[in-house]
Each structure stands twice: as C-alpha cells, then as structure tokens.
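Following: one structure in structure tokens, then a few remarks.
Chain IDs A, B and C follow the sequence of writing; residue 1 opens each chain.
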Amino acid sequence: MRDLVQLTVNGTSLRVARGSTVAAAVVIAGRCGFRRSVTGDLRAPLCGMGICYECRVTINGVAQCRSCQIVCDDGMEVVTSE
Amino acid sequence: MSRHTYDVVIIGAGIIGAACALECARADLSVAVVEPTVIGGGATAAGMGHIVVMDDSEAQFTLTRYSRQLWIDLAPQFPPEIEYMQCGTMWVAADEDEMQEVRRKHAFYGARGVSTEVVDRNSLRQSEPNLRSGLAGGLLVPEDCVLYAPCAARYLLNQARERRCEFIEGVRVTDLQPEAVKLSSSALISCGAIVNAAGTWASELTPGIEVRKRKGHLVITDRHPGYVHHQLVELGYLKSAHSLTADSVAFNVQPRITGQLLIGSSRQFGAEHSEVDTDILRRMIQRACEYMPGLSKLSAIRTWTGFRAATPDKLPLIGKSPAHERLYLATGHEGLGITTSLATARLLVDQLLNRTPAIPIEPYLPTRSMEVAHA
Amino acid sequence: MSRHRKLEVLVVGGGPAGIAAAVRAAEAGLQVGIVDDNPSVGGQIWRGEASKQSSSLSGEWFQRFSSNKIELFSGTRIFEIDSEHALAAENASGTYEFHYEKLVLATGARERFLPFPGWTLPNVVGVGALQALAKSGVPIKGRKVVIAGTGPLLLAVGAHLKEYGAEICLIAEQAPIGKLIRFGTALFRTPSKISEGIAFRRRLAGVPIVTNSWPVSVQGSCKLESVTMRSGNKKWQVRCDYLACGFHLVPNTELATLLGCKIEDGVVVVDSLQQTNRDSIYCAGEPTGVGGVELSLVEGEIAGFAIAGKIEAAQRLFPLRTKYRNFAERMERAFALNPKLRDAALPETFICRCEDVSLERLREHSSWRSAKLHTRCGMGPCQGRVCGPALQFLLGWAPESVRPPLSPVRVESLAASVED
C-alpha cells in the first residue's frame, strides 16, 4: 500500500506519493505551465533546484512559492497562475 | 554662429541632466552631456519614480504642479519600458487629526486648480483593501503618476540626441574653466554655458553648494498584482521629509506595472556609506507593516539605498551660480527629482535664453538667501 | 523574532562536501549544524537518497551523517550577514541568527543554461534538473527525453532516467569526438572513472549518442513538442516530451562573495586546508572549482579535519584530492564550450527570463550595469543566477557585486530582530 498525500491543484483533488514536491503534483495534475512571465508566456520549472523561480505557485494562500523545493502535505491548496 | 563647440555642456546624465539636454536641444542649442558611469545611475536609479504634487510650500507646489503637467503631456509618447502609470496618490490619514490635514490639503489644491478627492474611512477600505482597518480616510490625487526613472532618463536623452545633442560617456568633468570644461580624458570642451546637474556630486565641482546627501532605503517585492492600486503615502511622510536633522521613516508604497511593490521610505543625514542600515530598514518595514500588515508575508527580492541631494530650504537650485561666470546649477531636488525634472529643464533654458518663465523663478535661484525652513 | 542558534561549526550546504565536512568535525566532538535550502539533505547529486538504505558511496556517508550528532536545518537559506560570525537565515516558519566559530561554505553549483529560441517553453529543463524533478515525483516513465549540453553528467543522468522508465531518444554532446577520445584515453589515470563510464554506456545501450551537437531551437505552442538539433552542418528535428539541456556547472559563490572571500575566475580561493582568505571561513566542493562528487567529498573531509585540528588526517587526503582535481581539469579541457554555441541565441531570444529581456535589447548596452539598470535584466527573483552565466558566455560581462538578501525572503524577515 503506497503512502499517498492528498492535495488540490486549482481546485482539483489528487493524490501523490508521499515525498513528492508540489512541482510534481502540478505536473501530475496535468498543468502545462505553472505561471505566466511578465509578457504573458507560459512557464514551468527550469532548474529543479530552487534557483530559477520559474516554478512559483500559490500554496495555502501564500503567493510566489518555489514548488520544486516544497514537499506536498495533506490538505495543501495549490493554485497556479497560468 | 557660436564660437564654442557647444552652447551648453551638461554635467550628469541623471533625470535632471537628461531633461535639460532635451529642453536645450528643443530650443536649438547645441548641447553635450558628460556622464562618467551610466545614464540615470545616481539618485535616478535609486528612487521611486513617483510624480507627485506637493504642498510643503507655495514654491514647491508651483514647481511640482507645473512639472507634473509636463509629464502628463509627454506620456502618450513613452515606450513601454518607462512603465508610466497614472495610478494617483492616496495620502493616508490614520486619525481625525490627519483627516483635518486632508481637508486642508483638499482646499489648498482645490483653490489652485488641482483635482483631489477626500476619501472617507469606508471608501478607503474599498479602494485599498490591504490597508489595515481603522484608518480614518485619505486624500486621493488622481493625476499623480509613477514611472521607471532610469528608462525615462534614457528616453529623454535619446530624444535630445536625435536633435543636436552629443552624449560623452565614461569620462568625468574634472575642471571648470572660463569658457570650457576639462574632462578626465584631458580633453577640453569649449562651451557657452555649463550646467551642473550632478546631484549628490554637484559640490565636488562647485564647492560651497549647499547640497547634502540624504540617504534613503527601498525594498522591492515579487509580483503581487492588484495588491495596491495607488501610490500610498502616510501623511506623516511630510513630517519625515520636512525634518532636517532626524533619521526618519514613513509609510510609502508604490505599485509597479508588473505587480511588484516598492516599499519605502527613509531619510538619514550624515550617513555616508551605501550599505543597507539594518536598523533603519527594520524601522521602515515595521512602519510599512503598521499600515499594511500583509506586506510582511510578501516576498522581497532586493533592497538598496540611494542618496538624495538635499538643500536647506527643500527647494532645488535652478539657475545661474554665483561661483562662475558661465555656470548654471540644476541640482538639490531631494525626493522630487523625477517630478520636477521637466520643469527644472524649462526654467533653466528660460534663463539661458532670457525667455519669460511660466512660473516665478526667484524661489529656486541659487543666489536666494538660504533661510532654513523650520520643522 | 529571530531564533538564535550558537554553533561551533556552521556548514552551509547539505550536499556531499557539506556532509563530509560536518561528519569529520562532529566525529572530533565539535558541535555542528548544517543549513540547507532543499527539503532534505543530499544536495543535488544525492537528492532523495538519504532515505534509501544503500551500500554505495552516498549510503556510506548518510550512515556516518546519522550516526553523528549533526543538527540539520532543512528548507533553510542564508540571506544576509548579521555581524562578524553571525549569519541570518530564513525558513518557512521564521528566521534564524546563526552564530558560528567556524564556517564551511559548501554551497555547491548550479547549471549553466545557454539560451536558444524556445528555451523558455515548459518542459525545457536542465540536465541535473530533470533528474531532480524525476526524483521529486515528476512522472518520467514512458516520456521521450532528449538530453543535450555537455559533460559526463549527460550520460549519468541518461542512465538514471532510463532506469526510471524514460525513453531517451538522443544524447547530444557539444564537444567534438576528437576531444572526447583524448579525454577517454586520459581516463586511464583515473580507472574508477573508466568503469563508471563503461557502466553508463552499457545502461544506455541502444540510445543514439552524437557529438559536436546541440539544440538550435525548440518548437511547441504551450509546451515543448519537438527540438531541432544540429551537428556540424546537419540539422534534424526530434519529437520529445522533455529536453534536458545544460552546459556545465557554475559555482554558487554568492555567500562567499558577500563574506569578502577572495574569488578568482569565478571560484573561491582556498589554501591546502580548504581555508579561504577570511579567518574561520572554509570552502569545500564545487565553489572551489567544479569537480564532481569524489572531489567534493575529499575537500569536505579535509575542511572538517582541519577545523577539528586533525591536520595529519587532512594531509593524508591531499594525494586523493590532487588526483580528483587533475581529473576535473582534464574534464574541463575536454568539454570546453564551443564558441559557436553563442550563435544559438537570436536577437529576439529572451536571455533574462524573470523580466523577459531579449538579447537585442541587452546588446544596446556596453556594460552589465547599464543593461541591468535599463532593461531590469538581473533584477528579478533569480537575482541573475540564470541570465548571468549565459551573458558571461555570450557577451563577456562579468557578474556584479553581491548584495543582500542573497535570495528573496519574506519582507518580515528583513525586519526580524534577534531574541535576547
């Protein structure tokens, strides 16, 4: 029995393996992009290690969180801004 | 036909120098601008880029009102990198005493044809929901604007260069001679008039100018679109800007077109180093969070400092210098450099060409008696 | 209120170098703490391995780590200097002021990204990045992956992702075959690397590997759909789900710079005991010169021993360090970047992703300072960490001095005062 965590991405509920990052959850939820650039381009993670800031999403109401460095928690509410 | 290489040499390519260059070029004067580092690299780079009418004195009001209109007239031509936004200023009143001040300002501006609106407690909440509850209201000045100053300076200078303006960069003016300036490259540039627009460096070339450095701090956040709609300034800002001696902070937050917020403001005299003063930064942030508690959780990307060029009577020096036959000053703008740059340029060229200025120039003349205005 | 922590040894960075330094210092009885930005210890190369029971090198070191009393502050980033011997850090719940007697900078490295048309599309990622993302739960099974860029990292990551079930369509190394053969023969001096290389090659059987090759452009509407590759005069298109592309590692020297450590040619200068020119500050791993995991471990051990006063133990590791440094130097020569890579970025290609600044706008300026001020390139949240190395390669612009905060932090963290 796999250890799973339940969270929502843009209102849709999903379950991911415990230890997965929020970035993984956003990808699993089927989002193409995570956010929009200043000129409106769709963006998603580039560096995977918290340096590039392209993976920013809103987590539990807090905006601009680096999703690749944050592990999913039960009940987390993730909102992307694309 | 001028016997000089240039009619005017301008020292410094900050917002003041750039504005003067364009005004000179428009008036068909040949002009050279000398800049040792980068366009808009001094206070122009460090400040908030807030274009605001102020009523600290009649002379300050006249100058800021005149200049703000010049910005509004020019704005339709601006490229996007200038990030011009007519978001208006909301002067925030914390209590009934400050609301009295709001009403006084409303009357002052109204009598002089500047549109403002008294905003009550509830309307303030509605228009700026992220301000803390319990504030008394405010004064909205809808025609005030914000922009990204370094790009504005570059735009003005480039407009000048399309006419008869030469941009000489990477060198410094080292010496003022009777009819020329000497550069750090040893070159000599003959000119009819010299304009010292060097901001906080002005007294290096013209000793005795009563311009002192007044340090400020700013913080810029990540993008939080819609968090703030107007430039928000506490009425206490005026007390902060007014004092000549004390270190002070005041709530002052600006929205950028990207949704980033600029958080200020602070004033210190006697602080010479450009590193962030942790104590002052802490006080500034705490003050800002008193007015806008949610700011504390926003992501701050950068912090920096800058130096304003401050004069004892809080008015800039625009006009002929007593120190040198052909020298004019355009400096000492404190926190109103961006706002009053365009009017400064007009008044300067008015004096160069003996044109009738649109407003009285006496309050800004370098030869005025510098009576220290008291707090 | 900032939490106050006093440590005898503060190690910044929980990768191999940081772990090794912490272990050797803790074994000598010193009170050690590691501060690391990632959710768990291991840095980039050992990401997610701490929880696995492994007999490998990482397993060995994680064993040593857990059997010593080392305080771990995960998800925590140093953002400014509070005073001599005190650094400010932030995590999700607040801030810390760390007081230290000795400091070890083991801040690792990041990938260099070279821009080309379409590089900002979703699913164009770094090489180490795709491995990190896969380890973090991003599904990779059955996905078509093109790996490009340079260095042994391409093969290592390719082999690893294949084990995760990815379909590696192509591995494209920018270095030409000639240089690689010379490097390959020089590997005889580091036999362990040969067997490592052979092992990777075996795991990648059937995967096309080309040299003198790199991506020209990426196509797709809302995400990557295909990539155009070139090799010499040949160009061809590959349909894929991910493009993992990275060109070498760039040392993270920002904290060292802020502390006033001597930096030369982009690396922190250290003496034989890994000490910087600043008293009490040591540096180990990639920031002293990129060289891979074995070199990072050795340097970390030497720093840890040195701090513990075990000079002989440190000196016994010198020959091993020399061996790995020589290997790293050979690697650098073999995989030097082809100048033609500069042609990949077109005038309209964004170089700064934070502020969407194109190459042609940057070219209007003659210095990094002017460009930054007038285009806002480098003023975004990455603080120039992505665009900086690219611009250095493209236009020769050196990075500017570093200012706090070292990374974005909450506004309240800038105002935190320390508890008494």
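Assume a residue touches a chain if its C-beta (ideal position, glycine included) is under 8 Å from a C-beta of that chain, and two chains touch if they have at least 3 such contacts.
Predicted model only: the values in this text are computed from it and were never measured.
Participant: Going by the touch criterion at the top, tell me which pair is linked by more C-beta contacts: A-B or A-C.
Facilitator: Ranking A-B and A-C by C-beta contacts puts A-C first.
Participant: Hey, which chain is the most central one here, using CA centres?
Facilitator: Minimum centroid-to-centroid distance belongs to C.
Participant: Centre-to-centre on C-alpha atoms, which chain is most distant from chain A?
Facilitator: Taking each chain's C-alpha mean as its centre, the farthest from chain A is B.
Participant: As a quick test, compute the distance in whole Å between the mean CA positions of chain B and chain C.
Facilitator: Result: the chain centres lie 42 Å from each other.
Participant: Could you work out how far the Cα centre of chain A sits from that of chain B, in whole Å?
Facilitator: It comes to 42 Å between the two C-alpha centres.
Participant: So how far apart, in whole Å, are chain A and chain C when each is placed at the average of its C-alpha atoms?
Facilitator: 22
Participant: Among the residues of chain B, which are close enough to touch at least two other chains?
Facilitator: 222, 297-299, in rising order.
Participant: Could you tell me which residues belong to chain A and also touch two or more other chains?
Facilitator: Where chain A meets two or more other chains at a single residue, that happens at 38, 56, 64.
Participant: Note the residues in chain C that touch 2 or more other chains, in rising order.
Facilitator: 380-381, 408, in rising order.
Participant: Which of the residues in chain C end up touching chain A in this complex?
Facilitator: Against chain A, the touching part of chain C is residues 37-39, 44, 48, 51, 75, 110-111, 113, 120-126, 128-133, 136-139, 222-223, 353-356, 380-382, 385-386, 408.
Participant: Of all residues in chain B, which touch chain C in the complex?
Facilitator: That would be residues 37-41, 45, 81, 148, 150-151, 154, 219-222, 263, 276, 281-282, 285-286, 288-289, 295-304 of chain B.
Participant: Quick one: which bits of chain C touch chain B in the complex? Just the residue numbers, please.
Facilitator: It is residues 367, 369-370, 373-376, 379-381, 383, 403-405, 408-417 of chain C that touch chain B.
Participant: Which positions of chain A touch chain B when the two form their complex?
Facilitator: 38, 56, 62-64
Participant: Which residues of chain B touch chain A in the complex?
Facilitator: 222-224, 258, 297-299
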